[in-house]
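Step one of this worksheet: look at the structure below.
Letters are used for the chains, namely A, B, C and D, taken in the order the chains are written, and counting of residues starts over at 1 for each.
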Amino acid sequence: MRYRLGCELSYEVKSPTTFIFNLEVARLERHLDLEERLVVSPDLPKRTYSVPDVHNRYFAVNAEAGPLEIRYEAEVTLKVFRTDPAAISETPLTDLPLDIMPFLLPSRYVSSDRLAAFANREFGDLPKGHRRVTSICNWIYDNIDYQRGFSDEQTTADESLLKRAGVCRDFAHIGIAFCRALDIPARFVSCYAYGLQPSDFHAVFEAYLDGRWWLFDATRQANLDGLVRIGVGRDAAEIAFASPFGEMEAGPVKITIEHADGSPEAPGRTTDAISTEEPAPNAGAA
Amino acid sequence: MRYRLGCELSYEVKSPTTFIFNLEVARLERHLDLEERLVVSPDLPKRTYSVPDVHNRYFAVNAEAGPLEIRYEAEVTLKVFRTDPAAISETPLTDLPLDIMPFLLPSRYVSSDRLAAFANREFGDLPKGHRRVTSICNWIYDNIDYQRGFSDEQTTADESLLKRAGVCRDFAHIGIAFCRALDIPARFVSCYAYGLQPSDFHAVFEAYLDGRWWLFDATRQANLDGLVRIGVGRDAAEIAFASPFGEMEAGPVKITIEHADGSPEAPGRTTDAISTEEPAPNAGAA
Amino acid sequence: MRYRLGCELSYEVKSPTTFIFNLEVARLERHLDLEERLVVSPDLPKRTYSVPDVHNRYFAVNAEAGPLEIRYEAEVTLKVFRTDPAAISETPLTDLPLDIMPFLLPSRYVSSDRLAAFANREFGDLPKGHRRVTSICNWIYDNIDYQRGFSDEQTTADESLLKRAGVCRDFAHIGIAFCRALDIPARFVSCYAYGLQPSDFHAVFEAYLDGRWWLFDATRQANLDGLVRIGVGRDAAEIAFASPFGEMEAGPVKITIEHADGSPEAPGRTTDAISTEEPAPNAGAA
Amino acid sequence: MRYRLGCELSYEVKSPTTFIFNLEVARLERHLDLEERLVVSPDLPKRTYSVPDVHNRYFAVNAEAGPLEIRYEAEVTLKVFRTDPAAISETPLTDLPLDIMPFLLPSRYVSSDRLAAFANREFGDLPKGHRRVTSICNWIYDNIDYQRGFSDEQTTADESLLKRAGVCRDFAHIGIAFCRALDIPARFVSCYAYGLQPSDFHAVFEAYLDGRWWLFDATRQANLDGLVRIGVGRDAAEIAFASPFGEMEAGPVKITIEHADGSPEAPGRTTDAISTEEPAPNAGAA
C-alpha cells in the first residue's frame, strides 16, 4: 500500500532556539520508493543524524526570534510482514541477542522495575508468545480510559496505571512496561497512522518475539498495517517529534496521511501479527 | 600508568538463570596493551556483545542450578588526556553533535526533567564550562552524605536529593541530572577505581564539554586519572556489572586494582580536567 | 463474648527516649466490664491522654538508656451491633455530619485524592451502601497479595496498588482510599483480633454509612465480631502502637487474645454488618 | 488593631453540589468584638460545625444547579501576644502534651517522614527555640521561589522542595514538614492577611514552642501581627476555604481586609514572636 503523508508545524520563536525534529519517515527496507520534501522557512542550515540500525532521522536547526515553519511531505510504499499470531513464540532469555538488552531495561517513562509484581500477577501465568502481548493490550484497553488531560510529557507508566487514563503515548508506555517486566523486550514507536481520527502523530509499541519486532497498539485507534514509522526508542523521551531548546510558542500541528494511489480503501482491521522490519540478522544465531 | 585489576563473583543458582555481565575493561584507544583472562566455572558457553563506539563489553551465560563463579583478571595501561579546566568551555546546543542528544534526555534514574528549576536556580548563573560541572560536584559533595542504607537499585536522582544521602551510584545520578537539566550532555560510567577504599566497583560520570567527554566524581573517593572504564550508559540501568534473570543468591564480590609495574605511588589528587577518550570525530564540525 | 488479651513489648534503649504507646483497649460503651493491668519496667512516670469521642488512649514515658518492658493485660466483654448489610445505605453528602468530614480527606498514607479516577472506574457504578464497601474489600482481596516485604511504615495506598502486595496496614489504607475517593468517610482501626494467625496487632478499617461506623477487613484474616478496638485514626500514622523518639532497639512483640470465659468456640465468620459503636448522636439530624 | 474584612465567592453550579466552606473568622479569645454577616444567595439552609478547641467554623450548603454566591463581612479586633523570640525555647518531647502529638505526624501534603535526613542536615545543629524555626523560614525564603504554576492542590512538601517554587500553601507545608521532622509540632493556618498584595486568602504556619503556638510566614508577604485566623489544621487538606462535592465552575474570588478604625497605618514588620492564642492550659503541666 502506498501512502501520501506529511505534517506542518509552526512556531513563534522568542529567543534564539535550537530545534531538533524527528518527523521524517524512517529509511527502512520495508519503506519502499520513499519520495519526500522538507521545507524549513526561513531556510536555515540543517544538521542531520540518522541512528544506525533503526534509522530514526533527526534534523536540527538554530532559529532566531521570529516565525519558523516546517513542512514535510512524503510518499512511501509500506510493505508489511504478516503472519499468524499463534505461530509466534517468545524469544527465551537464553537466546536473546545481547544488543536487544536495552529494551528490557526500565527507562524514564517506563518504570518496569516498579511493575514486576503487577505484571506477573496479571500476565505471568498466561501462555507465552504474541498472544500474551495481545492480552496485555486488551487489558490496557479494558482498564485505561483514552482521555486527554490526565497526563503530560512527564507522566510515567505507573502514574498512568493509577490515573486509569491517558493518551496513545501513555498506552504505549504501559504496554512496554508490562512487557519488560515479563522479560519481553519492548520499545516505543512514533508513526504516521492511517485511519487515526483525528489525525495526529501516533504512538504504539513493538515487542521482540521470535527474532523479530512486532507491532502492538493498545489504543485500537489505528490499523497495524497502516503505520508508517518515524522512529523507535526506549520511550517517548527519545523520539519527540520536536524538541525545542529555547523560548518559543508552538502553533497548531497538522498531520495528514492518505492513500497515494487513489484507492479509497483503508486497510481493514487485521488480526494478523504485523511487523515492518526484517528479522534481526543475529536472531536465532545467539 | 599500568594497572593490574580484577574481580571475583560467586552465585548459588537456584533455578536456570541467564546472567548478563558487564565487568570487562572497555576496549578503548586509551586502554593500551590490555591483557586479560576471564574464567567462568562451570565452563559455560558465553554469548558476547560489544556496544559500537563506546565499547562496553557484555557477556551472557545460561546457568543451571548450582554454584557459579566468575573470575576476571586484567592488566592495562591507562593513558589519560589532561588539560587545564579553565580552558574547557561548554559545547553550545547550536553545535552539539546529534548523536550526543540521548545524553541530554532524562532516563530511569536521572529524572532531569523534574529538576530543571532546581538546577537552574543553583547553577544557572555560574560561568559556563568545565568549572560549572565542578561546581555541581562540589555542591553534591557538600549537600549529600555518602552513606549506605538510603538508596537501593531503584533510587532516582530526585529521591536522593530529598534523602540527602547515597552512594557513588546516587552521586553520579544527581550530577548527571543537574548537567542534563542545564543542557550539558552527561552519562554514567562504571569503572575500576585505583585508591577506592574499600575496594569495590565504582561509579562516576562524564560530561560532554568542548567536543569531548570529561570525567567527574562528586564523591571525591577516587582519583580521576586512576579510573579504568568498564562501561558508559545513560544511567546505572544500562551497565549493571551483573544482571541475573532467575532465582539465585549472590555471594560476596571481590574487586582489586593495583599498580602493575610495582610502583607504590598512587596518582595524586589532580585538579586537571581528565578524559580517557579521543575527541568525537565530528566535534567542532557541526 | 468476653476476651482475655494483652501484649508484651521490650526495648533496649540506647539514649534517652520518649515513647508514646497506644495499645490499651479503647473505653467504648460497647467494651463492657473492662479490667486491665499495665506494667512498665522500670516503673516510670506515665503521662496519659484519651482522645475525646473516639477514646484512643495514649501513654508516654521518658526512658533512660537500658531495658524497657511494657506488659498490658485486659479482659473485656465485646458487645457488637450487627444487622443485615442490605439494609445499610450510604449517608448522602447532603446529610453528612460535618464533624465526619476529616475522614473524607486524603491523609499521609491514604492518597485518596490521587485515586479518584481509579475508584470511580472500578466502583463508581456499583449499587451504593454497605455492599459497595464489601465489593471494595473483595476487589482488594482478589487483587492484592497478603505478603510481607513489599511495604514499610512509609508506604502509601497508591504504592501498594502498584506493588500488588502488602500487609493488613496496607489493605486498610487501600480500602480507606477507595472509600474516601467515592465520598464515603473511612478511618483506620487498630485492634486485638481474635483468631488472627499468627497473633499480632491487627489493622482494619471502618466506613461511615447510614449514620454509624461499620467494620471492614479486606484481608479476611480475622472475624469482624472478634475485634477489640485500640484506636481509630485517619491512617496508620495516628495510631502506631509504639512511637519511640530516640535511639533504641525493639525486641520481639507478643500479642495474645483468647476467650476469657473458657469457651473454646471462636465467633464464626459472619456475613452480618458489624459495628462496635453507638450511632453518632447527630446522625440523621443534619 | 481592629480590622474590617470579608470575601465574595461565586459559583455556577452544574449539578446538585454540596459545598463546605471554612472562611469565617475563628472565634478565639484574642479575636475580640467579632461582628459579622454571612449571606448565601440563594438563601439555602446551612449546616454548621465548629471544631472544639481550635474553633474552625465550617458551614455546608446543598446547592441546586444555578448560580451560588457567598458574601462574608466581619469586623474584629485582633489582640496579639508578642514577646522576645530569644526567650522562647522548644518544648522538649519529654514534656510535650499528648494532645499536641498529631502535629508531629506526617500528613497528606506534609511528608515529614521523608524529610527527616534533610531537616536534620540543614537545621539539626542550630540552637533550639523560636529562632531555629525562623532559620527554617529564612532557608525557605532563600531557596524557594514564590511563583504560581509550579504547584496545585495535590502538591506535597517534598515535591515543592524539588521544584524550588510554590505559593503560600507550599511555603507553609515545607515549613511544617521541617519542623515535624525535627520533632517540633507544627500546623497549617489559613487567614485574612493585612497587607498581602494582591489580596487573597493567605496560608502561614504555627509551631508549638514553650507551651504556646507561634506564627511563622516563610513567604514574608504579610505581617505576623496582621493575620486574622480562619482555621488551623494538619495541612491544607483540612481547611480549604471551599470544598465543593459536585459539578460546578468557580468564579473569581474577592478578599478584602483593611483597618476598621480608619487608621491608615499598617502594622510595621516586626521581629517579635507573635501568637494569637492563649497558652495551652496544660502547657508546662505535663
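Here is the rule we use: a contact is a pair of C-beta atoms (placed from the backbone, for glycine too) under 8 Å apart; a residue touches a chain by one contact, two chains touch by 3 or more.
Composition by chain, UniProt nomenclature: A, B, C, D = Transglutaminase family protein.
Being a predicted model, the structure only gives us computed values, none of them experimental.
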Check: Once you find the CA centre of subunit B and the CA centre of subunit C, what distance in Å lies between them?
Finding: 48
Checklist line | Computed distance of Cα centres, subunit B from subunit A, in Å | finding: 30
Note to self: Multi-chain contacts only, two chains or more: what residues does subunit C have there?
What the structure shows: 114
Notebook entry, point to check: With chains as vertices joined when they touch, what's the shape: line, ring, star, complete or other?
Noted result: ring
Checklist line | Interchain contacts, given as pairs of chains that touch | finding: A-B, A-C, B-D, C-D
Notebook entry, point to check: How about subunit D: which of its residues touch subunit C in the complex?
Noted result: 16, 18, 20, 47-49, 51-52, 58, 60, 62, 93-94, 96-99, 101-102, 105-108, 110-111, 113-114, 153-154, 183, 237-238, 243, 245, 286
Item checked: Complex contacts: residues of subunit B adjacent to subunit D -> 114-115, 117-118, 121, 143, 145, 150, 158, 161-165
